[in-house]
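Multiple structures are listed underneath, in structure tokens.
In what comes next, chain A is part of two complexes: it sits with chain B in the first one and with chain C in the second one.
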Partner chain A sequence: MARFVARRIVSLIAVLFAISVITFAIFNIIPNGDPAYRLAGRTPTPGQLDAIRRVWGFDKPVTVQYARMMEQVFTGKLISYTNQTNVLDEIKQGFPRTLSLALGAALIWLFFAIVLGLYTAVKAGRFADRFLTVLALIGISMPVFWIGALMSYYLGFKAGIFPNGGYVPLTENPIQWAYHLILPWTALSILFIGFYSRVLRSNLLDTMSDDHVRTARAKGISERQILLRHVLRNSMIPIVTLWGLDFGAVVGGGAILTETVFDLEGVGQYAAEAIDMLDIPPVLAITMFGAFFIVIMNTVVDVVYAALDPRIRLS
Partner chain B sequence: MAIEPAPAELSVEQLVASERSEGDAPVAGIAPSKLALRRLRRNRTALVFGALFVLIVVMCLAAPLYADHVAHTDAYKNHLTDSIEIGGKQTNVVAPDGVPIGPTWKGRFFLGADESGRDIAVRLLYGGRTSLLIGAGAALLTMLLSILAGTLAGFFGGWTDNVISRIMDMIWSFPVLLLGVALGTALALGGLQLGPVTINGDSLIIPLMIIGVVYVPYIGRPLRGQVLALREKEFVEAARAQGLGPVRIMFSEILPNLSSTIVVFFPLIIANAILLEASLSFLGAGVQPPTPSWGTMIGAGVDKIATGPHQAIVPGAMLVLTVLALNVFGDGVRDAFDPRAKVKAK
Partner chain C sequence: MSRPDPILEVRDLAVSFATDEGVVRAVDGVSFDLRAGEILAIVGESGCGKSVTAMTLLGLTRSPNANFDGTATYKDIELLGASDAQLQEIRGEEIAMIFQDPMASLNPVMKIGAQITEQIDAHRDLPKAQARDRAIELLERVGIPRARERVDSYPHEFSGGMRQRVMIALALSCDPSVLIADEPTTALDVTVQAQILQRFRELRDETNAALILVTHDLGVVADIADNVAVMYAGRIVEQGTLDDIFYDPQHPYTWGLMGAITRIDRPRRTRLPTIPGLPPSLANRPQGCHLRPRCPHEFDACTKVPALEVRVQGGVAHADRCHLEPERKRRLREIAPGEIGLDPKAPPVKPSSPKDAAA
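Now for the complex of A and B:
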């Protein structure tokens, strides 16, 4: 276990290093992405540009610039090029919003996927199964920003049932918090419900024909108990894995589309805005932040996986 | 929802025939791919959706015909100051307050106009060409790279495997959308200079390449696993014993055995690539306006949704229909090639 954790930490550092270099390189190879122009405001004189380059260190070699930026990332002194705010403060401000979105949506999609998966597996081959399978496929085929925009226009703007964007902190008013997040949660969940329920359904059908299920049935255990205790439990392992990975991805900037459509101003939307302005520091910080979550959730999932299935060794 | 499966029962004649062939004549061997095709032919749902996809492709290919002979405009021409006759009354294409007309259900502006007075139906068809081209091209690129990565890593093992697997792991742990958007924005602004080749910032090659690379780990990893297993098989050993070189073994022994996996993944990857193109374009990092694509059209429509929701609904619905057709067809293909994954309980 200790060796496993140590190896994961080493690989986490390697991944973060590689990702930061790649992100930095992407923005440094653009010919007209010179950040001095972004800092100088409108119609700068060549003298002003030179001064800015000297002050911000853009005249230094690229490796020195990279090292300086990484130092700023870890000391929390990273400054945005476009509006000169502290990047880590902005991320800290957006994080509760992103986490609220991810956590609520992840619970919703897990719950409905289990319900839908169980129901379609029990009714396999019947009309209800086929109908719901088509619905799940439609869910997988919809771009989240499209269905999100339609929901917010028709249910929020036109009908006025739900608030039209915005965010209320949980600590301020839990009911308003949930009320403002219902539409984003739903939009984000649809894709995952479709995908997970189909995975679960095929796992359930596989497990149902296992020997231990036949034994349980022979012992006279009720169908309900068999389904919940013996079949569902065994089929949940891959779902737990997927769930952990997707949750990590959503927290780490994967909800960039949902946040933009519903104007939640979380970390993802901050990233989208920064990319739009070619503002390197926030993009670099958020990409590393996202990769950090993805790798951490990967590790957690592996540990949970080994705990759920003793046949798997962490090595 | 009237999606009924094809009747699976055999007719009496077929039953008799199969019974007889078991007894007297020697049973003819059938290639697995033929069996799979036979199973696919029996899956009517998959076939209907496959046909729907083909229909959409044909419609998009016929875009110039529609533009010239039915709509009498092209994908870029704006009709801001024009008016057309609806129900005997002259109506502005774009009203003075900026609201474009909705679907007329006639030749001109069949699906309405957008905020610049461009014909949405025409743009939808031309945009479909862009989206389908990027989707299919990216899927092809993903396949080529995955086959290359998976085969090399699985076949040679050792440090080759290590390097390739680590690269795939890294793409995997990158926040995919962030990476794609960052790359897309950066390249759209400056273009790309690869030795003698210059790619313009608004070239379709850029989103195509980004999408093609992003999905490589998803296919490369399973392929690598398969190659690892195949490498130990007797027929590969036999080929090696005959003195065949590694390249020859990879092409004539390993690759044919990967074909069913490749066939199964292909439609699903196209579907995902089309979706990713839409997401990138929505964030301004994919196809660059004014080139129409379903993604750019949805993006523009979502911005202008208050002036006329049809601008967002039409391209989105088309995209969903296309991706759905590919997903259902792809599902059928998977069931046909891997019958074990199909519904067992009846």
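Now for the complex of A and C:
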């Protein structure tokens, strides 16, 4: 176990290093990426630009600039080039919003995917299965910015059933919190429900023809017990893995579109705005933050995987 | 001599499956009786319908594209028509099954103790601790060392032989009256095989359970069976007592099977005789006797399906499905006793008494 943890920490450091170098390099290569222009405002004179470069250290070698930025990331002193706010403070502010979105949506999509996957697997080949399969494919095919915008416009703006964007902290008012998040949760979940239910359905059908399920049936236990205790449990192992990774990705700022459509002002939306402005510090910090979560969730998934499947041993 | 009534009577059992390649008749007109304490071996090549016959008794072949005919009566319960609830009560409790591949037949993510107590819970009203004790006792009975610790192990922590013992412990957990073992020793090495067979014999002696042994291994059959049914392409082609089948086989297919056994009590030939050709596809079987294309003794009558009849004198329960006259069969066998392979060109070996054949 100690070796497993040690190895994960080493790989975490390696991933963060690689991600940060690549992100930093991209911004140094792309045209019009010069941060001095971001800081100087409209129509700067060459003298102003030079002054900014000197003050912010943009005249130093790239490696030195990188090292300085890393130092700022880890000391929490990273400043945005566009509005001079502290990047870590912004992330800290957006994080509860992103976490609320990710956690709620992940639970919703997992729950509905299990229900739908079980139902379609049991009814495999029949009308209900075919109908829901089509529905799932439609769900997978609908981009979140489109379905999200439709929901926000019709249910939020026009009908007024749901709030039209915005966020209320859980600690302030849990009911309003959930109320404001219902639409984003739904919009984000639809794709995952479609996808997960398809994966689970095929896993279930595979497992149903396994020899050990036949053994279970020969024991004289009910079909319900066979399905839940033997078939579902074995079929859920890959789903849990997938779920952990997707959850990590969404928490790490992967819900850019959903957050933007519903104006949640989470980490993803912050990232979208920063990319729009070619603002390196937030992009770099959020990318590292996202990578950090994905690696952490990866580790959690491995631990859970080993708990679910006794044949897997850590390290 | 009056024999006890059979606890399981199978009459004209037929199982077919609708597939993309047409209707597959996996089992066609199979009949047999099973009495308490009796060991019946069903033998035949792969794909002859023996496993389907066995699994059908427990309703494990039920599916939307399966079609069943005939009857299988267990203690007044008609198994083929039984409701799911009835079957659920019979499975594990009255008729238990041991499956072929012990590596794949146990749930990989469940402790073996839990897999056994699950079956006990389904049929008995025992407190948790008692069910667990029973599981430990069963594991001890089938020869799992340190059963008290091993009860909390997962299947992958056992060897193949040990897993098959776990399967047997599982099957025995509710003291079934009928035990169906589908190739129980095929995946195991020979020493383990002998131990497992010994367990079956002890079980029969202890509980008077009846055993149906599905196998293609005639060595196992000779070792343990009381009665034998030889299946070919979904039909029983010959059935009788162990002695009938081994000392006085009537069907050319049985001759072929006997000829394909390695023998150490015979002069060695360059090649082990085999049955030429392959079993027919069950979706497209030959008209009449199914063995016809592979049988060197084929004649006019073979285009008609031979009935399973008692043809030899004095063989009360010894029936076969071959049009050949018993007298002619006797002479054919004398040409190359013991291994009247289906290959007529096979060089004859030194004659010896047919009584040697069972060894």
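Here is the rule we use: the second predicted complex is superposed on the first by the 313 of 315 C-alpha atoms of A that agree within 3 Å, B and C clash if a C-alpha of one lies under 4 Å from a C-alpha of the other, contacts with A are read in each partner's own complex, and residues count from 1 in each chain.
Heads up, the rule we're going with is that a contact is a pair of C-beta atoms (placed from the backbone, for glycine too) under 8 Å apart; a residue touches a chain by one contact, two chains touch by 3 or more.
Quick caveat, the model's predicted, so the values are computed rather than measured.
Steric overlap between chain B and chain C is absent once the structures are superposed on chain A; the two fit side by side. When the shared chain is aligned, no partner comes close enough to touch A:K92: not chain B, not chain C. Of the two partner chains placed around the shared chain by superposition, neither chain B nor chain C is touched by A:K77.
Counting residues of chain A touched by each partner, chain B versus chain C, the larger count belongs to B. Using CA centres, the angle subtended at chain A by chain B and chain C is 70 degrees, rounded to a multiple of 10. In the superposition on chain A, contact is made by A:S209 with chain B only, not with chain C.
In the superposition on chain A, A:R233 makes contact with chain C only, while chain B stays out of contact range. Legend: residue contacts after superposition of the two complexes on their common chain; A:R217 is shown touching chain C, with no touch to chain B. Looking at the shared chain after the overlay, A:R7 reaches neither chain B nor chain C.
With chain A fitted onto itself, chain B and chain C come no nearer than 5 Å, counting C-alpha atoms only.
Against chain B, the residues of chain A that register as touching in their complex are 15, 18-19, 22-23, 26-27, 29-33, 124-125, 129-131, 134, 137-138, 140-143, 145-147, 149-150, 153-154, 157, 202, 205, 208-209, 249, 252-254, 256-257, 260-261, 271-272, 275-276, 278, 283, 286-287, 290-291, 294-295, 298. Partner chain C is touched in their complex by these residues of chain A: 210-212, 214-223, 225, 229-230, 233-234, 237, 308-311.
The residues of chain C lying in touch with chain A in their complex are 55, 58, 60, 84, 87-93, 96-97, 99-101, 104-110, 118-119, 122-123, 154, 156, 167, 170.
By the touch criterion given at the top, residues 1, 3, 5, 169-170, 173-179, 181-183, 185-187, 189-191, 271, 275, 278-279, 282-285, 298, 302, 305-306, 309, 312-313, 316, 319-320, 323-324, 327-328, 331, 341, 343-346 of chain B touch chain A in their complex.
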